[in-house]
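Think of it as A, B and C in the order they're written, each chain with its own count starting at 1.
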Amino acid sequence: MALNYVIKYAATNVYENLVGEALWQFLIAPLNSGSQQIISSEFRNSLQIPVEKSINGYGFETFRIHPKKSFTSIDFEAEFHLIKDHINPFEKTNASNLEDEFSQLNSLNFKVEHATFLKSTALTKLPKWHEIDFIYSEEVSIFENMKNLNLWIFDGFSFKTDVTDVDTDLDIILEEKQGVCQDFTHLFCAIARSHNIPARYVSGYLHQGNGYFGDSQMHAWAEVFIPGCGWIGFDPTNNLIAAENHIKVAHGKDYSDCPPIKGIVYTSGTNQTTYSVEVNAQQNAQQ
Amino acid sequence: MLARVANNLFWMGRYIERSEHVARYLNVNYFSSLDAPNELSQSRQFVLRSMLFMASDPVTDPNIQLDEGQVLFDIALNKDKPDSIINYLQYARENANSARDLISTELYESLNKFYHYTLNYPPEKFMKSGLYEFTVHVAESTSILRAKVRGTLLHDDVYSIIMLGINIERATQIIRIINAKYNDANLAGGSYGDQLKNSYEWTTLLKCAESYDMMRRYYKKAPRSLTTLEFLILNPNCPRSIMNSLNQVSKHISDLSHSKNPDKNSAEFLVGKVRAEYEYKSIEEIEEDLQGFIEKILKTLNDIAKKIEIEYFL
Amino acid sequence: MKLNTNQPSFSSYQRDNHFYDEIFSENNEVKEVYKTLLNLYSEHTVQDFARLNEKAKASFFNQGITFQVYGEHETKEKIFPFDLFPRIIDHKEWSHIERGVLQRSKALNHFLWDIYHDKKILRQGIVPLDLINSSANYLDQMQGLNPPGGIYNHISGTDLIKHSDGKYYVLEDNIRCPSGVSYVICNRTALKRALFGVFNHYQTHTVTDYAENLLEIMESVKPRGVDVPTCVVITPGIYNSAYYEHSYLAKAMGVELVEGRDLFVENDFVYMRTINGAQKVDVIYRRIDDVFMDPLEFRPDSTLGVPGLLAAYKLGNVCLVNAPGTGVADDKAIYTYMPQIIKYYLGEEPILNNVHTYHCNRPDELKYVLENIENLVIKPVDEAGGYGISIGNKLTKEEIEKVKTVIKENPRKYIAQPIMSLSVHATYIEDSQSFEPRHVDLRTFCLLGKDKSFVLKGGLTRVALKKGNLIVNSSQGGGSKDTWVLKK
């Protein structure tokens, strides 16, 4: 069963003083691959500046806007239509031999292959001094371990906005036991990587239909690479396995590789940014 | 050529030219005042005020007692004053630095030496005995620099841009000098019947513009207000006149634009328009309202520079 | 012919047999290539040299061939001291060096291609994966990208020294933005002016062909579909310590010297703002570091770079010289694997020797380093310009303890090498107004392009002007010598 999605992204930036020059890069377009098929993609702004399409450093599609006249306020609006296939992550995970699975993780070839998503970054660095009581076991499959990790974070940490920001270290998250989806995803990646399991940070949209945490903003979850299965998404914020409700935009080592918006703005004074996301789904009638 | 670098070269030309006029103004006014025919023209305070009027901000409050050493130091060598000669040379050198790949080694080396000479000139010496030596050195060095511009650069865009800067600045400085000396003449009066017309300050004015000898040769009479102004504003053959500078600006801007029919909002069009106006202007018309004329021509020069900036430097 | 200390200009020359002397052999005999030069120099008086030295200094200063020294309070403009005694390298010795640096340069290029593609050398465990993983200079964004012509390190600067055994050793390979080539050319010009007579007696290779070769190399890596590429040099600006070099190279190649703000990216192509509007740029010789290159991808506060440059590069619309991410291979820890890297990719034995290196991240080697610190040079793996180097036999007891603590805190950050005794060369010393032996090294310059390579026949002989000092970097008070490579 596939779903038809309509995703609306809107943002408004207001500046106290005139902006002489600015450049924004948006990483918000859903990925057009795998289980996602983009039907249409539109991006507008209130200053009618032509939108350029480009890529970020990891090859994900971006929109760029480069106003040539000065302004004090600008609105952005994007609308994406896509079809998302129904996914059953459990299908892929009928893991074969446990010993094989774990021994692969320790092979040099595997470590080289996935080096990018095995190294720790500033945002996914586990503080040495902090005890982590998550129990990792080679008695069960990697998939089971990751499900347990998902639950461990979901149970042990509470969702709370405005207590952390995009570059909060894991020390603080582990200490305060609260945060938002970025923080939980960073923690998830960090712990997975510490067990030699490649893990990447995913930025995307969550279909809010069923009252999950996501707060009508862009969402984040993790993908881990399980030998024999490939990349599987885990959403520790909601204790879910990413499936048809998770619409992926991009991935990276951590948040800093894929923030939805990057801007270089030359102005003085304060500014205010507001943005909202709306995700609507319909059963695809044709299938 | 890069727009930013063109802007820098334009300003390099302007600062080099500006430093010359300021230096000569100091020199001529100081030394000609020493034996000026009337009392006011001889007064230290009067001369120092004239210098400040021309080189930076006029001091209008009559109660302020100016310190000679300080005024001279501020205008020539004070690094904390944005409009000192030493800072003009520093700006010029910085501008040249950003275009080192475009200008000749000879030009750069001359400017660099000139800058270091100024930088290392002892302020005590300057204020005690070096005023003449220093200001003459500045004037001579700027001549050398102009010769290097003319003689060691390909006469292409780079050359045109520098010459535009030099000539716009020259016209601007000549007008500023006229303004300052007109102001002095008004205050001092002359020693003969019609005071303003025959003021001693007109001779000083011509000397400030290094045009006294040329003027004497052309008119064969002692300078009066009318002939002095006519010579410095309208005579196209006087290399320091406004008219001559405008002709130069016009030539270099058309070399740069390569266009036969300049757009009517362009700098080139405006220069042509102003030139045409002054070609058929009489000095009597100008003298009727000299103050008005000075303000108008300064604004026009400013407009030309602004248009050049928008068209070429952004 | 022997060293003659009765001659005033050599009166304070003290031979020290602990070091290889480039001019005098162990029994004070003048070496063959220097005989003519010494004869000619003996015709000059001490005063001649003092005068020539002053003249040369003034010429550098007036031409603005200077660099900035950043002090605590003020920035000073200084000349890079130039020495009147040239270093001479004969044809045979040079051809060994030339083959050696080209070999390294090519091997490094293979290595870079590999670690940004299949990573075979890592999979086979020849170079430890850890070294790459922990390197801040490895750019994940470069993975899978094919730079035009397959070239990463278009420009390499390999530093060599001659040890007391008379053999050349490589100290390091600089493949980010090696600088110094402008001084090679200025030194030659200055020496020609000062002592033109001596050139008539030697057949020396020119060094002025560097710029034309650099331009050819740049043009050889033009993006696909470009007929005649527009090349530029990008500089951080006039306050950069190497600004003179940037402007020299742009001028000598006849290309624009741009700053980040002169360039912009539109629809993934790069343009420069000129007085006649936007002009497309195809090849950029960049003299700004990776992290400042593109604020959208790297340091967001960088005003030196060009937003969108990396995407334009990834899409093949512009070529960057050197490629981003080359820094991973001139890491001092990678250096120690160079013999293996050369063998792996080229199937050849290394032509030039590597200095033996102890890795502080290996427990057994760390132990050796901590126990033998007074016989070792300790270097941070990722500092340029000679900063952070400790020379064991120059440290006090307290300093040794301090260094030990620092190493133990972060062993991955440090390597150690035996103290190499850099060879000495006669150098004009202002204080004594005569020639004295001083330590020297040699920076070579090697260019790699598509189907083309070039090694500059000459180099920058850097000299430590302080007696006994082994650090030759200009920021640490070093000077330089004209370096002659003889045709025969």
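Here is the rule we go by: a contact is a pair of C-beta atoms (placed from the backbone, for glycine too) under 8 Å apart; a residue touches a chain by one contact, two chains touch by 3 or more.
Computed from a prediction, not measured in an experiment: that's the story for all the values here.
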**Q.** Most widely separated chain from subunit B, with each centre as the mean of CA atoms
**A.** A
**Q.** Chain occupying the middle, per Cα centroid
**A.** C
Q: State, to the nearest whole Å, the distance from the C-alpha centre of subunit A to the C-alpha centre of subunit B.
A: 63
Q: Between subunit B and subunit C, tell me the centre distance in angstrom, where each centre is the average of that chain's C-alpha atoms.
A: 47
Q. For subunit A and subunit C, what's the span in angstrom between their mean Cα positions?
A. 43
(Q) Where in subunit A do residues touch two or more of the other chains? (A) none
Q: Spell out the residues on subunit A that touch subunit C in their complex, using ranges where they run on.
A: 23, 25, 52, 54-59, 62, 64, 66, 108-109, 111-113, 115-116, 118-119, 253, 262, 264
(Q) Looking at the complex, which residues from subunit C come into contact with subunit B? (A) 61-64, 237-238, 243-244, 247-248, 250-251, 256-259, 261-262, 272-275
Q.
Per the contact definition, I'd like the list of subunit C residues that touch subunit A in the complex.
A. 119, 122-123, 125, 129, 132-134, 140-141, 143, 264, 266-268, 295-297, 300, 307-308, 310-311, 314-315
Q: Name, in rising order, each residue of subunit B that touches subunit C in their complex.
A: 1-6, 94, 97-98, 100-102, 105, 108-109, 112-113, 116, 157, 161, 256, 312-314
